[in-house]
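One structure coming up, written as structure tokens, with questions to follow.
Should a chain be cited, it is by its letter among A, B, C and D, assigned in written order, with residues numbered from 1 in that chain.
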């Protein structure tokens, strides 16, 4: 149950079976930092190439294929006072041929802007995020700070190294708003040591990351790992105070729903939870909810969720 | 602003350009009843063939193509003390080839049960719904009553008559939990008189209607119609106290997202709301939420929604 | 086995349970004409509103739900010397956000051109189709005449009236190049009398109808109907000299593949054909081919096909 | 223009930036062998773990990101007299919930059979493939030998290592029947040296690889590489005597169509081919064909193709 302070000196834009940056044990806590999606750190300096650079991987001793790695997101704190976003809903999220028109003339924020990007001020004390580019009404109307991690996961199956632009059973670029401080996320382990990576922090984000970004920012993070030996799961799962969540990453969204729902049924009827199959089907039928993760990236994300108190009531009934 | 009490004596299992059952004016209120998805009324008697039979259509004087019909769902009350559900998550919602096993032996509730159906007690006073078939833990664990209308809409484009099993721009079988009492729903008008139909009440339902049913029940309903001349919309929209909602009905879900998001952008930048295009994109990018309607029927449903207070703040900023 | 010459005086832009224009018997032949997709006849005059107007419906005596109607396409002959096309691959067929640029300045051909349309000369004797608009290389390079029917089908299930823009189990706007002269097409019967409609002839067309049209033209047609009592099929099927074909109409194309393949397995293992299930799976596994119908309209089309001589060899083996 | 005989001693089940097994120059020819999808070589012995093991990668000197690598498939010859297949159409290719029944009782061929597999005799001289398991009619009815390569490609973008179960812009497990002897295939180069891998030979296969396999077999192969410096392409392309082909790999198939069609438009209007945009759209609109590659694996494949003689005629017109 050691604590590790880790300062990254390099990053990865794939999640893969890379050389670990640190070996830790189940129960350990790590405090570290992440750079933003374009490789800029808390000073705003670009320290690594763009594309959701990951801090890590962290090697969890004893983890091997067939286990489950639980990552407790104990702290997710923006560590600089500004982030940036895209400013246009992506073409794949709009009807084919619909081309929005804009009447402002935004200036590039970065030398690698393909489309214009927009600067937002992030005020931790006030708990707000506010547009700082242009002079439209968004610059006068703060929205709520709600930090979340966009991309994180473990070394994928079969020795793959998968771009941090996308997602699969190992996690990856899911951009789900539910991955916020206080949530625990469970990953299937494929690689020796699990090889946990994380990065791509957002100060806030709408469902779907439909402009291709949240408010992209660097983070100070602290997480605790917990290894469950011999528990094989199919897809990332998560728990917060209210919800059990199962994640499906694929295209189209219909397939995400299939993965997430099947995973949730497996969870509810597992030894861990212990509902009988009919009860699990009734419960989902009348009480399930679904959230939308990313609909911007090569694989989309849907989350199937059910209230923990409802599950607990059924276990006790 | 008349009030009409209407007692149906026949029903339709398509939403089409059928002979109206009643002519009403913009501002009028109608109190009527709907039968359940299998055509059973408040006494439990089958009064019409199964398949989401619709009450209506109601002809709104003056409505013509290019207008918008607003339907205020003033009352949606189950009018009998029981409903029924399917009890198995549908195959199209699960991974291909995944076949759940069940260890109970449920008896058919109805003579036309293809798969077993399950009876639920509905207690209006307690505000609960509780499984009454079998002896599993769901029979000892009530869930919350949350009545909603599964299928409703207006005469479709071009004189079509579309099965109440599916949905499109005219509305139809959307099975969205947000269509509850107190919500106003806006439909594009295609047919002279708009031709509003409704039915398929649910005492409650999970997202996606993934067992193929909510708790299917007959309703006493009261609705008010309001006609907006010359406002052409593309897809159903809705308002409740908190949310602006735009609906997309299609397959796959990706296409629902495209329709719903495009419709929401059109709404936000319309004369009615008046945001500039960049503000609308920023707002959706960082604050949009999506809900899942039906993923059981031939066309699926996604809802794009944004908080009304955020929109109002931007209009005032 | 009567022959009927039928001259249409009205058309439908839905396929539905409309009043029949003619009653015929199984074995009868009908010679008639169809107008083009915009309602223009052999003289080029607009005689009915645009949108794939259908000739019919033809009522086949004795046909009822659960039967199969076979339509032999005995003759499909363009009856005027010109057709027209769109000139731009549709946005839904291209990567989101890809916007092609054109350097010509085509003139509208019709007063209802939303986008420019293009005129093509059709030479029955030479067997060619040749662009007549502009002066590009296509105007100097004839392509082969290959007439086919874009939209045809029977009254849909449950009394629906479905737009001729789309397709489903009843047939409809499938735009499949295999529906040419000499092919027999089988439809599931849903309505009393089957209610056969046809129209939307193309002088030629690429797979997918990706510019939204083939070479749209009016036709002289002759077809023979054959009624198979008590044979229930799920989707349109077809036979030509070489192929057995099963059609799936839906979105996304993945679902078309599912419908078409399931229908083909049902056919191969039916009493009519009589293969055992394993043989049918092996045969499809190593020998199946798929063709693409429409990817332009609300429902897409895929065709699963297998060589008749291979099936015959297995039945004899 | 050297010739290399290469005998593999290890294989990869990802296509990635692995250490090259051989360095070659543009113009060189390589003769080598591939094992079957389960790692069995020409003797039938398992020499490497299952999962489409790849021979390679071959490093092409001078290749770098932004180039195109052309691979001429000069010889694809099964080098043992038997292959094997699955025997059941995959669940994802059939309607949800459709479960085929079989009345034979096939024995496993291999110790790692999850489902039964089936043995086929391959006769190079006769040019036939014939089922050797069971006693059904397929065992008495040979089908045509038509060797093709199921999985091949180059090191993917951004240093990824992608499972040989799937496919993307780098190629991969496309299972397209058009990748047969005599075809040249063009890949976008992402990695230094291009890093060409190949394997997964099929003695024959139906469209879609719908039983999850072709007739899986080991190959003797000979290929020639050709490097086109500075030609950046987006997706694999191919040429045979008749066709220009552009490949899209994704899910759903609709997205494959989008990638393949956009790539074909880019090709036709490139400096290499030189058609104007309008001509390219007309040509595809009326003459394009589409073929189906894999619909079994995580990413599906569609091929957009056009006749070379038609393109040549337009360039000369």
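Everything that follows uses one rule, which is that a contact is a pair of C-beta atoms (placed from the backbone, for glycine too) under 8 Å apart; a residue touches a chain by one contact, two chains touch by 3 or more.
Small disclaimer: the values here were computed from a predicted structure and weren't measured.
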### Query
Is it true that over half of the residue numbers where subunit A touches subunit B are used by both copies, so same, or is it different?
same
### Task
Could you tell me which chain lies farthest from subunit A when each chain's centre is the average position of its Cα atoms?
C
### Query
What whole-number Å value describes the gap between the mean CA coordinates of subunit B and subunit C?
34
## Note on the structure
Between subunit A and subunit B, the Cα-mean centres are separated in Å by 32
### Message
Nearest whole angstrom, what separates the Cα centre of subunit A from the Cα centre of subunit C?
### Response
47
### Per-residue multi-chain contacts in subunit C, two or more chains
92, 94, 96, 251-252
### subunit C-touching residues of subunit A, taken from the complex the two chains share
90-92, 94, 96-97, 99, 252
### Query
Which residues of subunit D touch subunit A in their complex?
13-14, 16, 51, 157-163, 250-252, 255, 298
### Task
Write out the stretch or stretches of subunit B touching subunit A in their complex.
85-89, 92-96, 98, 100-104, 106, 118, 129, 131, 134, 136-138, 140-141, 143, 204-208, 210-211, 213-215, 251-254, 257-259, 261-262, 265, 275-279, 281-292, 295, 300, 302, 310, 313-315, 317
